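Sharing a structure, written as structure tokens. Questions coming.
Order of writing sets the labels: A, B and C. Residues in every chain begin at 1.
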Amino acid sequence: MSADNKRALEAIIMVADTPVPTEMLSQLTSLAADRVDALLAELAGEYAAEQRGFQLVRVAGGWRYQSHPDQAPYIEQFVLEGQSAKLSAAALETLAIVAYKQPISRAQIASIRGVSVDSVVRTLEQRGYIGEVARDPGPGQAVMFGTTPEFLMKMGLDSLSQLPSIADFVPGADVVEALEIGLRVDSAEAELRFAEEALAEGSQSVRPSLGDLLDGDGKG
Amino acid sequence: MPYEVQTSVFEGPFDLLLHLILREQVDLYEISLARIVDAYLVEIDKMDRVDLEITTEFLLIAATLVELKCKRLLPDDTDFDLDDEFSLWEERDLLIARLLDCKTFKDAAHVLSDLFDNAALCVPRRAGLDERYLELAPDLLEGVDIDDVRAAYIRAMTPKLVPTVSIEHIHSVRVSVGEAVEELIDELPRFGRVSFRRLTESLVERLEIVVRFLAVLELFKQGFIELDQPASFGDIEIIWVGSPALGVADLAGIDTYDG
Amino acid sequence: MSADNKRALEAIIMVADTPVPTEMLSQLTSLAADRVDALLAELAGEYAAEQRGFQLVRVAGGWRYQSHPDQAPYIEQFVLEGQSAKLSAAALETLAIVAYKQPISRAQIASIRGVSVDSVVRTLEQRGYIGEVARDPGPGQAVMFGTTPEFLMKMGLDSLSQLPSIADFVPGADVVEALEIGLRVDSAEAELRFAEEALAEGSQSVRPSLGDLLDGDGKG
């Protein structure tokens, strides 16, 4: 009886304090895994149709009850503790790099971000969003980082495959062009302008240097 | 542990470059460093307390920009060397590739941020078992003895990671302005009057020239020398005026510069 | 709208750790207490009519969700097979911190561990290994935790003074700092009392805790 099975699934998930993996539910109810998922999807649909204040969702490979997002104002008043502080832009970017490039070492992250990432990586590790997933087989045996189930839970994702494709974020031709112009190698004009500016700014006796240094071929 | 400081300070040299090039639409070599420094100081002033990490990162950014500008602006005798020209292009393409990478993940981070915010609206049920079933639950301390507890305590109180200062960006050349000053104090009295160009003609590394120049400024500040530049872009004349009686006791305070 | 109110009540009770008193629900939803009880009775009736595997019940003066009694066989099986039978590393570390640093508040533990410890503390409390032993006299009156007689029994100890010595272990500067910050946040008074207590106990060798840690020149 599917009604009986649904009741058992509801009861188990209600007493669990972490998402319950489909396989475990399948084992407990002696139902096939896809049957479990189908029944739970039905239940989730029922709650939605009845406009319940809670939802049944699949995150990080397991099923859990959670409050409905539109009830957040009430929940915020109620759950004061445990609200984790927002992540900084640096932390989010680092997390994005780890999510898309995992497994990845600290040095590899740093070379993408262009700055030391030690403290940001430590923060993400302490929060439990990333963790050591492997060791670089090469010399030095660098720690390779990857995202954790906790990360998926915080993102409300069932699996990493639900992340939008990284191809969606590759900058377009306009950005490439802007960068090429901004960093153009041949820019004698700018050099000249800079030199003039420096002279205009500078008091000659103390800082005669720039004009001098800029002037490659020594003509006054 | 205030591990997140929310400021609009740029997150790193790439971030800064991206901002400058894409949003301000400027040529990197046109930007006045003073403007960037001012903007930074304003941001740092806004912070409640000085964050060593942010301030050092700023120094790194400033240093990176100085390096990039120096590469373009300092005289180079091999201006028309094709190899150099190529390596400059190569360097630039590499930089562009890294900037593109950086931008890709910056945009991806926005999506993650939205996902986070949406997920934060839902709070998971964590109540767990009610008392009827608690007794059934296996004893979690089964097999744990007091030495395990002691070990766990020591693990918990041991710093997870020793903070280190990255020196990746530091090249191996190391020249001290203090040493340069000492050399100049030795050389200059013999010349009496000499041009900066002549003083540095034997030097190969740009950094050494720059350090020499800083040493000259230091000596000027301390009154050992007079400087004169008769014409714009002309040679800087250095005139030794320091009396031998003047000591160089203050030189200890002069920094060493890494290139 | 009673449907909207019901949704809010469902959401709040779903995410609460413990039964939620009617008064609190009344306050959160701005409804009269008897109205709250009436709506919840309606909801309980709906779940019963729909033959859900869970119930909404009133226990210990508050409302909570729990599994339906007739699903007990599944729950028992889930508890026996599903729950991890060992304390996680994070939970063991938290327990150890409480053992050596009691009395200690949740915020102080969190500042040492660098992460939110709410759910771990709750698990340890539920299992009867730790419990409230005092209240911080400072503002906020934070709950101060300590280990229980049951913990001592399980460890085969007569008293806390038998905890193995950690005298030869010196925590890193950042841990000391975290502790200091945690204490400062809680209340400067508590810090003082804490340090004094630690000194008064004179149990340096067994618990070279706060007095020792905070005392820079090592005279403990």
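Some observations on this one:
In the analysis below, contacts are C-beta pairs under 8 Å (C-beta built on N, C-alpha and C of every residue); 3 or more make two chains touch, one makes a residue touch a chain.
As the structure is a computational prediction, the values presented were derived from the model and not from experiment.
The greatest centre-to-centre gap from subunit A, using C-alpha centroids, is found for C.
By the count of C-beta pairs in contact, the leading chain pair is A-B.
Located most centrally within the structure is A, per distance between chain CA means and the overall CA mean. If you average the Cα atoms of subunit A and of subunit C, the two centres end up 29 Å apart. Subunit B and subunit C, compared by their mean Cα positions, are separated by 44 Å.
Computed from the mean C-alpha positions, the centre of subunit A lies at a distance of 26 Å from the centre of subunit B. Residue positions of subunit B touching 2 or more other chains, listed in rising order: 123-130, 133, 160, 163.
Multi-chain contact residues of subunit C, defined as those touching 2 or more other chains: 14-16, 65-67, 75, 114, 119, 123. For subunit C in complex with subunit B, the residues that touch the partner chain are 14-18, 64-67, 72, 75-76, 79-80, 83, 85-87, 89, 91-97, 99-100, 111-114, 119, 122-123, 126-127, 129, 151, 154-157, 162-164, 166, 169, 171-175, 178, 181. Within the complex formed with subunit C, the subunit A residues making contact are 3, 6-12, 14-17, 20, 24, 27-29, 46, 50-54, 65-68, 70-71, 74-75, 77-79, 81-82, 84, 126-128. Those residues of subunit B whose C-beta lies close enough to touch subunit C in the complex are 1, 123-130, 132-134, 136-150, 152-160, 162-163.
Remark: subunit B residues 3-6, 11-15, 17, 20-22, 25-30, 32, 53, 57, 60, 69, 72-76, 79, 85, 88-89, 92, 95-96, 98-113, 115-116, 118-130, 133, 160-161, 163-164, 166, 168, 196-197, 209, 213, 217, 220, 227-229, 231-236 touch subunit A in the complex.
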